[in-house]
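One chain, chain A, links the two complexes that follow: it is found with chain B in the first and with chain C in the second.
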Partner chain A sequence: MAVAESLMQGSARSEGLRDTLARRAEAVVIPALALLAGLVVFGLFLLTQGKSPFSFLYYVWQGAYGSAFSWQNTLSRAAPLLMAALCVALPARLGLVVIGGEGAIVLGGVAAGALAGPLAGVTPVIALPLLALAAMIVGGAWIGASGALRFYRGVNETIASLLLSYIAIALMNHLVEGPLRDPASLNKPSTAPLVEGLRVGNLPGMEVHWGLLFGIIGCVVSWVLIERTSWGFGARIAGANVKAAQVQGLPVGRLVIGFTALGGAFAGLAGFFEVTAIHGTANASLAAGYGYTGILIAFLARHNPLAILPVALLLAGFDASSGLVQRRMDLPDAAVVVLQGFVFMAILISETLYGRFDIFHPERRAR
Partner chain B sequence: MSIIGEEPLPPGALEVETLGMTMRFGAFTALDDVSIRVAPGSFHALLGENGAGKSTLVKCIMGFYHATSGELLVGGREARIADPRHAHAMGLGMVYQHFTLVPSLTVAENLVISRKDAPAVIDWGKERAGLDAFMQSMPFRVPLDQTVARLAAGEKQKLEILKQLYLGRRFLILDEPTSVLTPDEADEVLGHVRALCEAGEISVLMITHKFREVTAFADEVSVLRRGKLVGQGKVADLTHAQMAAMMIGAEKDTTPAPRSGTTGAPVLEIDGIRALDRSGLKEIDIRSLTVRAGEIVGIAGISGNGQMELMEVLTGQRPLMAGAIKVEGAPYSATRAEAQRLAVRYLPEEPLRNACAGRMSVIENIAFRSFDRKGDSPRFWTSGKEMRARGTELIAAFKVKVAAPDGPIAALSGGNVQRAVLARELTGAVRLLVISNPCFGLDFSAVAEIRARIMAARNAGTAVLLMSEDLDEVMELSDRIVVMSEGRISYEVTAAQASLAEIGHHMGGHA
Partner chain C sequence: MAGDLGLWGIPVAIVGGAIRVSTPFLFVSLGEVLTERSGRINLGLEGTLVFGAMAGYGTAVLTGSAWAGVLVAALAGVVFGLVHGIICSLPKVNDIAVGIAMMLLGSGLAFYFGKPFIQPTAPDLPAIALGGWSDLPQVQAALNVNVLFLIGLALALVMAWMFRSTKVGLTLRVVGDSTDAARAMGLRPAVIRTLATAAGGAFAGVGGAYLSLYYPGSWNEAISSGQGLMAVALVIFARWNPVACFWAALLFGGAGALGPALQSVGVTKGYYLFYAAPYVLTLGVLIATSSTTRALSGAPGELSITK
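Showing the complex of A and B:
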């Protein structure tokens, strides 16, 4: 808060609070309107199915935030979403659109699941950080590879990361059905269940696992990295104009690989928590679509790591309420996916609106 | 788009006249009661400094803006232009400073897709016959099958003008059409435009900063200053000094800043470097080039003879195939650490495209050199407060006109972007300054100021390598002049012994 205040004061000195607010409002108002537009279109879609959009909103509220139980459900889902969104938001600072976070989550989870066996006898204080580190390295290498392909070979990072995530899922299936399969897992091939000591528990006083806290810390750290460090500043220059960054002698290649790898590491960490806190084993449930929802969250948050926090809470709420909505309104569970699709379309369309409204650009009024 | 019941406009060049045109943005008056008449078939020049209202005036004519008050007459009739499409339908066209062609398409494809009635399925046989006939009827031509990306700048600008004629425009606004052309290309293009005016095909309103072009090609001139029309007349009756006086409001000394100081030890040494050029087919090959402390070495040459590639080699954007670059005797590969240690700075051409991040703020752009340094030591944590203090100070010191230091730098005019870049690059000790076309498209007073700053850096002992396609600029600033032709250095001469004819001869590659 103190940071935000000093920021405001700093700007106020040179151009007045009103102008600063006007400039910042653009990044809030446009995504909010896009979200609203997506909801309205989804409401029309519901009407064609003979369902009431208002009761949909009511059940979403009930299922996501209506009770302590719903809150915990929402927050548990928010944890991996925060980290998956960072996997999109960090590379976005370099102008890269990485959409393969799902692959890094899956492989991070497999790495944790696979190493949990050998580390079963080690004290959890040492073993858990090692598992987390392994998951982050695997996730980081996976997404970092798309960054490296982009920088050294000119391969489109969007396509590369998407295809790599299909490979990751196939690799996961191969491993948990083959070399890493626990013979006891009969109808759902999985790695051997984690020993009790390696299971990550809940935050004190809540039914929500520790991943939430790490996700929040990840967002704050990422924001500080981008906004307050020379690496982040260099990345922003390279993302805004790579030629200018080169003329300034900035190590563009290292920034590209570093930021993509860091994003992948966060996604890998999400996989670690899915295995150690939720499933207790690595299996096909790791590919739950968090990586894709993360893309939507990062875009809604305009790739601002702090804005990811509220947006992830909202999207996790949609996710958490889907069961209730499904039962009460007799809708297929794909309804939430349809909603996400509409919102994402609206967000992409809204990208064309930036810079069009003079109200957000005080410098134009002066000319 | 002719309105039913109204007679069509007469064929041939159009007359366009503004009457008391006024444009306000909020409290700011960008254009104040401006009346200009462009007679049919005349070539009218519009002079003014950056921000004088030239762009606003032409945007009002073209329908991008709707004037607050005042009238527009086209062919003697009052015209209310709703949007650019409406203007196009009336035969008004505009050629921009930067190209609006699709680089990956051929000339013929560019022409056909530019048409409003371009068919969904193109009958190339028919179109081709039409285009051939059109090209034959023109006083100048561009090869139809060439890909636009492969055309030289002058050819592209010719194509832009041909495109307007192909679209049936009879009144053309040229917005600094020669800023990316060499003097010869500019003369050729404007010569053709002039011939078209004399033939009664078009009338032209040209925004420019170059007095030479006004005198050589225009019939009449109007001068804007701070949104007001401050002078108008026949070009034949006016001298350059009078036009300059109208533009800046007072007679201004145009003699270059005095030289002082002595030439010192070599700072930049280039030894036998070779690199591929942008086509990947040819090489640039520079045997030896030395720039000493306290001297300006000017590289003259026609655009596309390897200057851009040399700049990219020096900034580390283009790999070397052979040879070495040394700064102060140490091998130099343009990393940030080396550039900082050896105090090497760059002013690339088109600063908004090559040296700035358009959507980042003015203050952030000014911090590009210094955000990771605290005095002489590196820093990890950036400080918004220090950045702001430094930015504010430099904005004042370099007189950057900026409405909002926190607004995107892309909102600034060209001259002010260059001032902001100068503020960043010329602050602190500078051992070597590498410059490319620093004054492209800038107005008169910005040009004088920027050249004075370059000269001041030289006098303070900086080694300056200046690449410029503006031969006057090279002649004015350099202590030593080298000519680049086809990727090689073909001629070298001290400024004292330089003759324009000899340099021009070598620039043309006839040595």
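Showing the complex of A and C:
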């Protein structure tokens, strides 16, 4: 490992700043173009529906970033999306495609909602971290199970994690309609409402809850973990070639379970904030689709935790503006899902473009 | 005596339910067998299933013909399959990820175009009463078998024969087992895989049409809850064998019928847990049949999911 690192440093020193920038630019320019292509295809789709793509963009701008209120709405939605995207991006470093974050969000939320009752009398300084911890443990166990099944049994983690997510939602329905149901919740079965002290408030000077800050911290910490620690280095090696990693003596099993569990813990934390900051109780609203949007965000960010920050802000904006777009343009709410689908397709198609343009590869020009 | 089967009502309801619920599993899994035998995996069949359900229902509402609905659903499935197949033919594109995106796009388009069809009612697909020999209404209801179920059974047998002893079947198997060998024989793997994915999409579309035109027999946004995805897992369990897919689909159908069957005899507690039975069963089957050390027997060699 030491040899590899010194080699990397050596090559970094020998190449100029311009070359480094050219190399880095590929990972920014191609996804940006893909995003644009997805938007253009969606614009053409709108034209076939007799709607104007430009008024769509205008209402997205208004609904997502046009006023203080819309910024609040966008940022509140960005918080769970940041954490849901980490649930995809962290396992992706090991070459795993985990798509069951929705289940970890839901069960993390249920764990927080269920424990809030017994902890109602405890001082919030102690109770809130305990609730968050419980949500993270449950979420981590749920996604970590997909990783463990992958490592020990060779079960495909994509299918397993989505199945676990369906099971999680059924479990949530069972718990909030049965054992954990607050008898006072008539129309929408829920757990007992949280006491005021256990409600997480807003960030100072903003109408956005603390989850946003924790989401940002999560992304930064994940970036450091992946890019600047030996665990992250090991994970990247194992992601590229499992056999090589095992020959090197890397603890592949611990890495697989650790990274999937950490991703799940972030998703569980998202559920904690949804319950303590938004809903004030755990119910079916927890399955709001953040887990699925998080998949798209992680792919758009190419599984780079820092890139998740701007991408989540963008997709949270689409989400936040969907109500306004619906009302003003008379479009079904599914229009946002169609848009997400087109963008997702475009970003996957763009994978084929990497390495094809010499402008991003200065070493080829030199030859 | 009629109407008083007591606890015997549960197995009868499960058998009837298995036949009713299994048909979409059967069609999607047969389509996925076709695709996977050619060496690709299409996780997007969940989206195709949902879009097929909407397209089939919408067409049946507009034309008054349930069979026209089935046809349009199949054609829509072909389009989705072609899109998946062509995109996956590009170098460096991951077929599993494209499947996830197609899941999203298929459901999104279905919900978008399906809004006007939530209210109106469409004609049902016909069923054949095979339970006339019994006096019991429950047995008669259970053996009221839809035509598509029988078509699916016939398709499974035809596909098994096709893979075993026709040129088309052997070509698919060669392409699925080794891209290099296929190229050496002068075959074009990318084209064959794309066609196999398109045909598989058609099957999934028909499965969707069954959902909206027969059982449950209406169109709404919750029409499928992962049946398309479970069918993909079911293919692994059935070891890429069409006839085994038929039995596996019946098993999964039975698990899916457990919740409603218990509800029908008056069990109201915890039935959400029974609704999770098909997912738990799928996961259990995956755990039991996967392995880290040996390649799965019967698996096409080029399949990314088993590597």
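Convention: the second predicted complex is superposed on the first by the 352 of 367 C-alpha atoms of A that agree within 3 Å, B and C clash if a C-alpha of one lies under 4 Å from a C-alpha of the other, contacts with A are read in each partner's own complex, and residues count from 1 in each chain.
In the analysis below, contacts are C-beta pairs under 8 Å (C-beta built on N, C-alpha and C of every residue); 3 or more make two chains touch, one makes a residue touch a chain.
Since this is a predicted model, take the numbers as computed values, not measurements.
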With both structures lined up on chain A, is it a clash or a fit for chain B and chain C? clash
Should A:229 be classified as contacting the first partner (chain B), the second (chain C), both, or neither? first
Name the contact category of A:326: first (chain B only), second (chain C only), both, or neither. neither
After lining up the shared chain so the two structures overlap, which partner does A:185 touch, if you call chain B first and chain C second: first, second, both or neither? neither
Taking the superposition as given, does A:160 touch the first partner, chain B, the second, chain C, both, or neither? second
On the superposed three-chain arrangement, identify whether chain B or chain C touches more chain A residues. C
Single chain B stretch clashing with chain C - from 40-48, 112-120 or 256-264: 112-120
Once the two structures are superposed, pull the chain A residues common to the chain B and chain C interfaces. none
Touching chain C in the complex: which residues of chain A? 97, 99, 149, 151-156, 158-160, 162-164, 166-167, 170-171, 173-174, 177-178, 292, 295-296, 299, 332-342, 344-345, 348-349, 351-352, 354
Where on chain B does chain A make contact in their complex? 25-26, 28, 30, 315-317, 334-340, 346, 348, 353-360, 364, 367-369, 371-372, 378-382, 384-385, 388, 392, 402-408, 411
Per the touch rule above, chain C residues touching chain A in the complex are 43, 87, 90-94, 96-98, 100-102, 104-112, 115, 225-226, 229-230, 232-233, 236, 269-270, 272-273, 275-276, 279-280, 282-283, 286-287, 290-293, 305
Quick check on the complex: what are the chain A residues that touch chain B? 6-7, 10-11, 13-15, 19-20, 23, 228-234, 236-237, 240-241, 243-244, 246-251, 361-367
